[in-house]
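Structures follow.
In what follows, subunit A forms one complex with subunit B and a second complex with subunit C.
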Partner chain A sequence: MIATFVALLILGLLWGGVYLLMAEGLNLIYGVMKVVNLAHGDFIVLGGLVAFSLFGVFHITPLLSFPLAALLLFGIGALVQVGVLERITVTGPEGELRTLLATFGLSYVVANASFLLWGSQFQSIPYMQGALQFGAVAVPEGLLVSSLCAFAVALLVHLWLTATMTGRSVHATAQSSLGAAACGLNVRRIRMVTFAIGSAMAGGAGALVIALIPFQTSSGGDLTVQAFTLIALGGLGNYLGAWLAAELLGLTEVFTQYYFGSDAASAVVYAVFIGVLVFRPQGLLGRAGRV
Partner chain B sequence: MTGRIVEWGIFAAVVAAGVAVAIFGSGYYAQTLFTATMLILLAVGWNVISGFTGYVSFGQVSFFGLGAYVAALVMIHMAAPWYVAAPVAALAGIIVALPLGLIMLRLNGIFFALGMFGLARIMEIIASSLGITGGPMGTTVPVAQSVNECALVMVLAAAAALIASYRLMRSRLGLRLMAIRDDAVAAEASGVNTWTIKVVAFCISAGIAAIGGSLYVWNVGYLDPSSAFTGTIELQTILIVLTGGIGTVWGPLIGGIVIAALSTALWARFPMEEQIVLGALIMFIAVAMPGGLMSAVSRLGWLKRAPIWGPPVDPTTLPPVATDEATSGAPAAREPVLSCRGLGIRFGGVVAVKDVDVTAYPAEMLAIIGPNGAGKSTLFNLISSFALPSVGEVSFAGHKVSGLPAHALARRGIARTFQTSRLFPLLTVWETVLLAASSLYATRADAVAATTRILAEVRLLDHWAEYPDTLPPGRQRLLEIARALALKPRVLLLDEAMAGMSAQEIERVHAALRHAMARGTAVIAIEHVLPAIAPLARRVQVLDFGQTIAEGIPRQVLSNPTVIEAYMGADYEEPAHGGA
Partner chain C sequence: MTRKDTTRAFAWAGRFAVTALAALTFVAGGAPAAAAAPSGKPIKIGLSLTLTGPYSPPAVFELQGYELAAKEINASGGLLGRPVELVKYDDQGNPSTAVQLYQKLLTDDHVNLLLSPFETDLTSAVAPIVNRAKVVMMCLAANPGAFRGQYPYLIQAMTLTSRYMVPAIDLAAAKGYKTMALLVQNTQFPQDLAKGIRKEAARKGIKIVFDQDYAPNTTDFSALVLKAGATHPDVIFGATYLADAEGIMRAAKAQNVNAKMYVFSIGPVEPQFYTGLGPVAEGVFGTTLYFHTLKTNGNTEFVKGFQGMFHRLPDYHAAVAYASLKILANAVKKVGSLDEAKIRDAILNTSVGTVAGHFQVSKTGMQIGYSSYALQWQHGQQQLVWPKAFQTTAPMLPHPAWK
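Take a look at the complex of A and B:
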C-alpha cells in the first residue's frame, strides 16, 4: 500500500518534470515578450518527429537528437521572431491580439508542414523501454532520463537568466522593454534570442518526450493547451509557479490514472485548465516570483 | 446617401446571384456555394465578438459543433425538420455561451483567446464520450432533400446575418461594443456595463455559429466529433474576417468571396498544402495588412462607416431644457452631494492615500492640488470606483456608494475624465458623446438632442464627424469633458483636464463648467497649475504624500506655510520683492 503510494508519488514528480520541460519555453517567451505562442505545441511535435526520423534513419538516440532538435527549432524560432513577430510594431492590446493571430496561423503552417513530411500516424521511438528497480519501486528509464534532463535544462536556463549578462538583459527586457532599450540594450536581439531559446526548449522537449508519449502531427493543439494551462496555473511568466503547477499536474495525472483509469487521466489537464480560468486566473503564486 | 444606395444595391446583387446559383446550379456549384456561405455566416458570428468587441476567440468552432450536435439530436429523436432544429441549436449555443462568457470575459484577452482554444478540445472530448451521438464513430442524421435546398437556405441565412450585423453595428449595442474594443476603462466611465455587454456579444456570436452547425449537419447528413470541431473551420472563419477587414460589417462578405475562390483553387491543385497557405496568409495579414481589404476600400472613400445616429439635429430647433428637481438651481440649504470619510488605499507597502476626507457641495467647485505623486489621481479612482478603497467610504446623495461598479456610479451621476485622455480612436466626436448620453437616455431622440446640445455648448459640433486623433490636444480634452457632461453629472471629477490647453480653450472649458455648476453640478478638479482653476474654485484642498495638508478658500490656502513647503521644500524663502 505504502510502496504503491511512494511509487505513484515518484512517478508523478518525474512526469511533472517532463511537463515542465514542455511548458517552460512558452513561459520564458511569455515572461519576456507577453506573447503566447500558439504554435508551441506544434514546435514540440516537430522536434519529436525530427528525433523520430533521426532514430529511424541514422539510429541516433533521443539523448543525442535532443540538442539537434533544439538547434533546429532555435533556428526556426529566430526566423519567426525576426521575420514575423518583430514586424508587428503596434503595442498594447492590439499588438497582443495581432501577435496571437500570427502565431495561430503559424501553428497551422507548422502542423501541416509536419503532416506533409510525416503523415498523420502516431509515431514513437522505442528507446529506453526498461525500468530501474529502486527497492519495491520500478521507474521507467525513459521517464527518469527525460525528467532529469528537464530539471537540468530548467536549472541551466535559470542560471543563464540570473548569472550571465545576456540573461540579465533578458530579465531587464521582461520588466521594461523601453527601459532596457534606454539603457542601450539591443532589445530586438534579446527578443530574438528569447523566442529562439523558447522554441529550442520546445524542440528539445519533443525529442525526449516522443520516447514516452506517441505523437501525431495534430497533437500540437493539445500540447499548447497543456503548456498554457501549466504556465497560467503557475502565474504567466512565473518560473517557480510553473514548476509547482507541472508537479501538481504530474501527480494528479498519475494518481488519477491509477485509481480511475487512463480516460479520466487524459481529461485531468482540461479539468485543471477550467479550474484555472474559473478560480485562479492570477495563478498559484500571483505576482510573486515573476521573471 | 447615394453611397448607401450603391452599397445595398451591390449587396442585393450578390445575394441574388447566390440565390440564382443555389436554385439553378449543379450539385457541385451548389455544394461549393453552401460551404462558402456557411463560412461567411460563421465569419459574421466571429466578427461580433472578435471584431466589434475586440476579444479574439480561437474556439468559435465549439459553438459550430455544439449547434451541429444539438440539431442532430433534435432531428433524430424528435424527427423535427431543419427549421425547428436550427433555432433550437441557436438557443443551445446562447445558453451554453452565457456561463462561459460570464467566466471568461472577466479575464483579459489572452485568457479568453486561449480559453476558447481549449474549449474546442474539451467539447470534442465530451462529444466523443457521449454514447447518445455515436461517440467517436459519429452518427447519421436525416439529410436534406437536395444540395440546392441547403445552399438556398444557407445563402439566405448568411444574408440575414449580414443585415443583422449591419443593424447591430448601427445600434446602441454596437456603439458600446466598439467603445469596449477601443478602451474598456473609458467605456465603463461613460456608463457602459462592459462585462454584461461583452457577454451579450459573445452569446450573439455563439448563436450565429450554432445555426451554421445545425445547417451543416442537415447538409452532410453525418456527424462525428472530429469533423464537428475541426480546426479547418476555425482557420477559415478567422482568415475570412481578417482578409475582409476585422470589425467591419462587410469584411466577412468580401473576405468570404475571396477566400472561397482561393481555397477552391488550392483544393483543386494542392489539397495537401492548402492549410499551409491559408495559415501563412493569416500570418501575413496579421503582420502586414491588419485592416484587411476593407481598409484599402475605405481609403478610396467607399463603404465608410457613417457615425451612428448621426447627423446631429440643428441645435436651434431643440426645445429648451426642461429643468428637473435634481439639477435645478442651488438648493435652499448647502448640503454636501458627495462626502468621503477616511479614504485610504495601499499598494503593497506603499500607502498612496491615507485618511482623506473630501466633501463636495452642489453648484460649486472644489480644487484639489498637490505635487506629483501626492495621490490625487488615486483619490479620484477611489471616488469613482475604479479602485476599491482599503478603508473609508464614499457617500453620494445620501447613499453609501463605495463598492458599486464604476459604470453604475457614472449613470447615477459621478462622471470623470482621465489624467491622460482616454478617447476611443475609432469612434467619431459625435459617437464619443453619444455613447455617454445613450447610457442616460432611453430614447434615440433624447440621446441625439442631448449630444447635440453638449457638442454645441463646447463648440465641437462642427467637428462631429471627425476622429479624436485629428483634433488638437486641447480639443481632445474638451471632448473628454463633453463626454463626462453628457452623463448629466451631479459630481464631475476633472483630472488635470486643462493641462496643455490654450487660453482660448481654457475659456471654453470655464464656460462649460460655469454652465454645469449653474445647473447644480458639483465639480472636483485636480490641477497642477492653480491659475487654470482658481477663478472658479470656491474651496481648495491640498494633498501631499496621500494626506490632506491644508483646506480652505484659495487665497488662504496658497499662503499656508505647509503648502509652500510641500511645493517648494522646507528651506524656501519668500522672494524679497514679491515677483510672480
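Take a look at the complex of A and C:
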C-alpha cells in the first residue's frame, strides 16, 4: 500500500519533469516575446525524429542527440525569427493574432516537411527502458534522465536570465521592448536569440521524449496544447510556476489513473486547469495584470 | 542481341510467366479467358483512399493491392472483354472529403463499381450515398455496423472485428492460462475488439481480472500498468493501436510488471513496434489478417507479383484489397453484365479461397469467412505462431520475467 503510494508519487513527479521539459521552450518564448509559438510541438517532434534517425543510422543515443537536435532547432528557430516573425508587426492585439497565425502556418510547414522526410508512422527509440529498483519501488531510468535534464535546463535558463548580461537584456526586453531599445539594446538580436533558444529547448526535449512516447509527424498539435496548458496553469512566462504546474499535472494524472481509472485522468487534469483559471486567472504564480 | 536486350527479354519472359501463373492459379471464376487483349470502353472502378496524412501507410498498401489485382485482371483479358480502370482520389482521411469524392465518383465519373475508403469511419460516412446509388462497394472495414442489412450494396471484405483476437485467446487457453488483464483504448475499433475478446475469453474459460479503458491521447501508462499488474494476470491483452501498445510495454518493462503473455491487437504487426521497443518487443504477440508465408490460394504468386511491382512484402491491407477486387471481378464475370443487383447476389453466394483466406459473407454482406492469425516477435522477426496449422514456428511461452 505504502509502496504503491511511493511508486505513484515518484512516477507523477518524474512525468511532471517530462512535461516540464516539453513546455520550457514555449514558456521562454512567451515570457520574453509574448509570442505563442504554435509550431512548438512540431519542433519537439522534429527534434525527436532527428534523434530517431541519428539512432537508427549512426547508433547515437538520445542523450547525445539532445545537444545535436537542440543545435539544429536553434538554427531553425533563428531563421524563423529573422525570416518570418521579425517581419510581422507585433504591437497591439492584432500583432498577437498575426504572430499566432504565422506560427500556426509554420506548424503546418514543419509537420509536412517532417512527413516528407520520415513518413507518418509512429516512431520511437529503444533506450533506457530499464529501472532502478529500490525495494518494491521501481524508478524508470528513461523518466528519471528526462526529468533531470528538464531540471538542469530550467536551472541553466534561470542562471542565464539572471546572471548574464545577455540574460538580463532578455529580461529587459521582456519588460519593455521600447525601453530596452531606448537603452541601446539590440532588441532584434535579443528576440532572435530568445526564439532560437526556445526552439532549441523544444528540439532537445523531443530527442529525449521520443524514447518515452512514440511520435508521428502529426503529434505536434497535441504537444503544443499540452505545453500551453502547462504554462497557462503556471502563469504564462513564469518559470517556477511552470515547474509547479508540471508537477501538479504529472501527479494528478498518475494518481487519477490509478485510483479513478484512465478514462478519468485527462478529464481531471483539465478540471484542475479550469479550476485554477477560475480562481487564479493569472495562473498559479502569474502576476495579475501582466499582459 | 545486346546484353541489355537479353536481360530485358528475360525480364519480360519472367513477368509474363508470373502473370500467366497468376491467371492460372486464380480459378475461382472458372477457367481464365484466353488472354485476348481487352478493348472498348474501360469498366471504371472508383475509390478514394487516405493516400496522404498520418493514416496513409496502410491505405497505400491497399491501393497497391488493388493496382496489382487490376493489372492481373487486364493481363488476363479484362472484364467482359473490356479493360478495368481504377478511378482513384485522395480523401486525406477526412470523412466529409470522402463523401464529396464518392458523390463525384457516382455522378461525374459514372463509375461502374466501387471500392471502399480506408477503414470503418470513412466507409460509414460514404455508405448512405453509395447504397442510394445502388452501386456495389467492396468494403475494407472491420466494423460490423454497416453490414447488418441497412446497406445491401455494401460487402465486407475484411475480417470481422470480433474475430481479430480469437487465435491469441485460443493460444492462451491452450497453454492453460486462466486470468487476463484487458486494457482498452476508448475509441470505436478497440472497443469493438474488446467486446470480442471478453466473449471469446469467457468461452475459453479465461477470467478477466482487470478491465479498463483509457483515452486515445494517453501517453503515460505507468499507473494503469501498475494497477493491472497488481491483479497478477497470466496474460495482458491490449485492444490498442501502435503508440499505446508501445507505451504499455514500455511501462510494463520499466515498472517490472510481469505476465506470461503480452498480446496487442494493432501494434506488433507494424515493423515500427520493434524499431521503437527493441528487446522489449521480443516475445510480444500481435494479430494479423494475413501473412506472406500462408499457403492460401494463390499467395505465392501474389507475394511474387507484389514484390515485383512494389519492391516490398505485402501486408494484410494489400492482401485483403487484392482479394476483394479479384472477388468483385469474378462476380462480374459470373454475371456477364454490369447489373449491380446480380453482381451483389453473386458475391453473396461466393465461397472461395483467396490469398487472405476463405471469403464468405452472410446474406447481409457481413464477412463470415475470413479469420485472423497470431504472430509473435522472435529474435527480431515476426513469426506466425497460431493457429498451429499455419505456424512458421512454435510460439515461445511463457514470456520470461524482466531482468
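Assume the second predicted complex is superposed on the first by the 263 of 291 C-alpha atoms of A that agree within 3 Å, B and C clash if a C-alpha of one lies under 4 Å from a C-alpha of the other, contacts with A are read in each partner's own complex, and residues count from 1 in each chain.
Just so we're on the same page, a residue touches a chain if its C-beta (ideal position, glycine included) is under 8 Å from a C-beta of that chain, and two chains touch if they have at least 3 such contacts.
Just so it is clear, the model here is predicted, and its values are computed rather than measured.
In the superposed pair of complexes, A:104 makes contact with subunit B only, with no contact to subunit C. By the touch criterion defined above, A:143 reaches subunit C but does not reach subunit B. Of the two partner chains placed by superposition, only subunit C is touched by A:126; subunit B is not. In the superposed model, A:24 lies in contact with neither subunit B nor subunit C. In the superposition on chain A, A:8 makes contact with subunit C only, while subunit B stays out of contact range.
Of the two partner chains, subunit B is the only one that A:281 touches; subunit C does not reach it.
Of the two partner chains placed around the shared chain by superposition, subunit C is the only one that A:255 touches, whereas subunit B remains out of contact. Within the superposed three-chain model, A:263 lies in touch with subunit B and with subunit C [touch as defined at top].
In the superposed model, A:96 makes contact with subunit B only, not with subunit C. Across the superposed pair, subunit B and subunit C both touch subunit A at residues 115, 222, 263, 266.
Partner subunit A is touched in their complex by these residues of subunit B: 54, 56, 58, 103-104, 106-107, 109-111, 113-115, 117-118, 121-122, 125, 129, 231, 235, 238, 242, 272-273, 275-276, 278-288, 290.
Those residues of subunit A lying in contact with subunit B across their complex are 36, 38, 84, 87-88, 93-94, 96-102, 104-109, 111-113, 115-116, 221-222, 224-225, 228-229, 232, 236, 263, 266-267, 270, 273-274, 277-278, 281.
Of all the residues in subunit C, the ones that touch subunit A in their complex are 53-57, 186, 212-215, 217-220, 222-224, 226-227, 230, 242-243, 246-247, 250-251, 253-256, 270, 272, 275-281. Residue ranges of subunit A in contact with subunit C, taken from their complex: 4, 7-8, 11, 15, 56, 115, 119-126, 129-131, 133, 138, 140-143, 212-214, 216-218, 222, 250, 253-255, 257-258, 261-263, 265-266.
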